[in-house]
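In the two complexes that follow, chain A is the common piece, with chain B as its partner first and chain C second.
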Partner chain A sequence: MQDNLQRSSYEQLEQKSKYTNMFLRWFLYFVLILFASYFIFPLYVMVVTSLKTMEEIRQGTLLTWPSSLNFDSWLVAWGGRGYGAGDTFLRPYFWNSIKMVVPAVFFSTFIGAMTGYVLTKWRFKGDQWVFLFLLFGCFIPFQAILLPMARTLGALGISNSVVGLVLVHTVYGIPFTTLFFRNYYVSVPTELVKAARIDGAGFFKIFFKILLPISAPIIVVTVIWQFTQIWNDFLFGSTFSFGEAAPIQVALNNMVLSSTSVKEYNVDMASAIIAGIPTLIVYVLAGKYFIRGLTSGAVKG
Partner chain B sequence: MFKWLEKNLPKIVMAPAVGLIGWFVYGFVLWTLYISFTNSKILPKYELWGFGQYEKLWASRKWLISVDNLLVFTALFLIFCIVIGIILAIFLDQKIRAEGVLRTIYLYPMALSFIVTGTAWKWILNPSLGLQKMFIDWGFENFTFDWLVNREMAIYTIVIAGVWQSAGFVMALFLAGLRSVEDEIVKAAKIDGAGLFTVYWKILLPMMRPVFFTSFVILVHISIKSYDLIVALTQGGPGISTTMPALFMTQAAFHKSQVGLSAASAMMMFMAVAAVIIPYLYSELRRENAR
Partner chain C sequence: MKTLKIEELSKNFGSTEVLKKINLEIDEGNFLVLLGPSGCGKSTLLNIIAGLETINEGNVFIDDYNVSKVEPKDRNIAMVFQSYALYPSMNVRENMIFGLKQAKVSKEKIEEQLEKVSKFLQVDSLLERKPSQLSGGQRQRVAIGRALVREPRIFLFDEPLSNLDAKLRVEMRREIKKLHQQLKTTVVYVTHDQTEAMSLGTKIAIMNHGVIQQNDTPENIYNKPSNTFVADFIGSPSMNLIKGKLKQSSSNILFTVEGANFDIPINSYDFENTSQLDNKEVYFGIRPEHIYFKKTNDDDYEVNLIADLSEYIGHEQIMTFNFANQELLAKFPSTIKIELNKETKLYFDLTQISLFDANSESRI
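The block that comes next holds the complex of A and B.
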């Protein structure tokens, strides 16, 4: 009797903890999904709005599904309406951004790889200080260099040009790319390099034959990081370029802010999606590397 | 000659990086510092003028509003990003189904530019057709949500959009931190009878001190530099109610021909960042050397 009682109360207890566990579980998923909807909400609204007509936008709410899949505003955002002057659309600026991103990513990654290689495998007295010297460049507020940069670009005759922006993004990308490669090469055993040196391999041979073949992951991380940073930049783009040389983020901002005639929110949203899609695609395809860049760029410092 | 070249090749290869950063970062910052001590208007002048620009800066109502906004924004941005980031990281750490999908959703805003984010939130928050209308159409007839055009409240719309963009990042940092803790520690605590809440509150979160520190530094850094988001969302308005130092600096430099004043504001930003970053770099370096 006594024994039975004890057992049943124990079972009750276990039962109860099962219920609280289940309740906790549900609560957990509820909170996670709640936040997921907060994060997904703006993307959803952007996509739906871009597919509606202005009439539908005025009648429905943010969440209403469009009556038909109407890509007109996407076409307008990308290629304009074709009435000439005053017709702004994203296509030329999208290409400006591509022309700016590709060389800037290439140069900054290459320089970063070389510098990271020297700092870890050809160490010299004071190399720690050189690293720190470069690293500080990751953190300066760019406002402190805008004025002299504008004058320098003017003096070089490349202000308001894609070439100028390539230079700017290459230079200010170097601290990050160096950081990435340096932290990666630090974990490559130096014995490998020493052995190759004894065998008579030179500076470049060691880099291309030993380090480069194992660098694929860090190259991916660096390229994705630089691509995202440069594609999304607005400060440099808006300060050092205007009109036809502007990159896409600047063009998007001008399009949205231009207060001619009636606001067309559907075209605005389509434009925003077009400006955001390249980095989103990269994120979805290579999220792992994107996150690695974010966290190692931040944590490792 | 050839020997010399071979011996110094590593340094020659490293020279472009050091030279470029030396010139374009350190040289430029020094130039800006110098200009901040001159009475430059449209064009830089090189005669020294003392601390006049800094006096003008701290007497400017617009600058004081900028600093005030920055403090409010930074405080709220920090609190919300860290609290949401930690909650999401801890919850995701409970062997959740579809963790990968959820993580992707929480972090995707980091892949977008602040201009894209700002454009989207501006549309959502606009009083005539956005959230306000949605709630009115749902039957909440007196619902008002006009923060975007309300002087007092507009700064909070920037917080909403900023947190939306960066909270996932803090989540990623903490999740990585939690995952790097040895399972044995948690198991041992559980055997000793500690509940899940105690395990996190008393053991794991205190172990995350470095992650807190990192998040703090990164977030403060983002907030001091915030520029794009404000341009896209409010342009500093209504009036000058949401202006911030970065916006103040570019406006003074490129729209108002106050080169000296803008240099002074840039140096104030520089010092604010340095005050946060230098201790951080110092501690990171010490940790690395201790290894």
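The block that comes next holds the complex of A and C.
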């Protein structure tokens, strides 16, 4: 009798905790979906608006689904309408950005790897000061260096050019890339370098044959970081370039803000998406290495 | 000709002196162990021999040739590291031949060396594997192989067994010993483990605070430590050092301890210098294993002591006795029963004792 009573109360408790768990679980999903929609909503509006005609935009609401899939505004955003003066479209500026971002990412990553290698494996007197000043470069507001940089670019004769932007982005990428590579190489045993020195490898051979082959995770992290920074940059692009040498973000701004006629929301939205696509592609392709590279760091044996 | 000679070598990092006027010589085929507590400078000394550290003063000679300013790769040495330091991106084969390739050795010669060494070390089935796919013992073997293929004049080992677990460490220790017996190469080996040092070395240099305390055969290091540091560092538990005074009369030399009701006659002790022994403050050193429960030799000196503490460790037991208010440890087989807090008869083996000057702490 006693036993039965006991058992039934246990069963009741079990039942109760089951319901509580179920409720909490559904609540969790509800909250997650709520936040997810909050974040996905702007993207939805952008995509949907870009597919509508101006007619539809004027008549419907933000959320209305387009009546037909109409990619005209994408074509206009990319290639223009085909008439002469005042027709701004993204294609040439997209290639400007590519021409800027590829060398800038390559050089800043490479130089960062080299600097990180020297700061950890070829220590010299005062190296921690060099590192400290490099770190300082990470925190300095970029607005503060606009004027001196403009003078420098002028003196070098590369202002208002893609080459100039490559230089600016390489220089201001180095503090970050160095920080990444230094922190990664710190966890690589220095005995590797010693062993290689005894084996007869020199400074560059050790870097290229021993350290670079094990740096894939941190290279991915650095490339994603630099690509995003440089591709999305507006400040340097708008300050140091104008007209035909401008990168895509500046062109996007000019397109959206300086059009004299009626606001074409569908074209604006399509342009904004085109300007954002390359970063998305980089994230999708290398995203899983990004997480792996951020969390791992140690190379064990 | 000395295979390795170190002359008046000093090294400092900033204002800290790491090595102070080190002198050291090794003959061909010897196995020298640098032994000492961490921070004594033994690894720095090894790095200097390898050429990985610069020298502040003094010189290093290999085969009578001054290599003080020679690059590591040109010193004809090879080194095995504690973390193995195998190149993670290369497989075993590439790891082992990396040095030969740098030295532009011919392909045929490289293949020949690789085959010989990998068979010898039984890693020939692992050649295509990456270091991450190897066990600790295999990694160690490959690291040794990488050193062997270069056929160096001197092998340098930097605590190569410290990363292995206890069982594997004993196994690899035996393998290194066999290796040395077969190849008869000259080795400098750094460790902080006295068992490793004792079992491997033909010579042991004990270091402390950047100074070599004693450089001798394992037997002499154990039996005739040259100062209290060496006496205390070697042996487990370490040597008992009992503070007292010497008393010299016409026929006798006695060791007396304040508060003890007996004096120990030490006439048979082999003094290095017999002048001014009377009233000298000394440490009387006797190892726990040289205190017996049964009289073994005729000269054994009998004392009555009270046991305070007993530590049972399986094959033996370590007993702590009160020797005129100083601790005295003794090691017995665990079959012997000794009661605590009761007088026990013990026998000191006076042929095995050491005496140290209490002020200079060096052997007398």
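As a convention for this text, the second predicted complex is superposed on the first by the 283 of 301 C-alpha atoms of A that agree within 3 Å, B and C clash if a C-alpha of one lies under 4 Å from a C-alpha of the other, contacts with A are read in each partner's own complex, and residues count from 1 in each chain.
Definition applied: a residue touches a chain if its C-beta (ideal position, glycine included) is under 8 Å from a C-beta of that chain, and two chains touch if they have at least 3 such contacts.
Note that the coordinates shown come from a computational prediction; the quantities given were computed from them, not determined experimentally.
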{"item": "Which of chain B and chain C A:Ile40 touches, first, second, both or neither", "value": "first"}
{"item": "Touching partner for A:Leu192 - first (chain B), second (chain C), both, neither", "value": "second"}
{"item": "Partner chain in contact with A:Ala275 - chain B first, chain C second, else both or neither", "value": "first"}
{"item": "Superposition-derived comparison: chain B or chain C, residues of chain A touched", "value": "B"}
{"item": "Touched partner set for A:Gly200, first chain B, second chain C, both or neither", "value": "second"}
{"item": "Set of chain A residues, in rising order, touched by both chain B and chain C", "value": "299-301"}
{"item": "Chain A contact footprint on chain B (complex, rising order)", "value": "6, 9-11, 13-14, 16-18, 20-22, 24-25, 27-29, 31-32, 35, 44, 84, 87-88, 91-92, 94, 96, 102, 104-117, 119-124, 129-131, 133-134, 137-138, 164, 168-169, 172-173, 176, 211, 214, 218, 221, 224-225, 227-228, 231-232, 235, 245-246, 249-250, 253-254, 259, 262-263, 265-267, 269-270, 273, 277, 280-281, 284-285"}
{"item": "Chain A-touching residues of chain C, taken from the complex the two chains share", "value": "47, 50-52, 71-73, 77-79, 81-90, 98-99, 102-103, 131-132, 134, 139, 146, 158"}
{"item": "Touching residues (chain side chain A, partner chain B) in the complex", "value": "28-29, 31-32, 35-36, 38-43, 45-46, 49, 57-58, 61-63, 111-112, 114-115, 117-119, 122, 124, 128, 130, 132-137, 139-151, 171-172, 174-175, 178, 202-203, 228, 231-235, 238-239, 249, 252-253, 256-257, 265, 268-269, 271-273, 275-276, 279-280, 282-284, 287, 290-291, 294-295, 298-301"}
{"item": "Complex contact set, residues of chain A against chain C", "value": "189, 191-192, 194-201, 205, 209-210, 213-214, 299-301"}
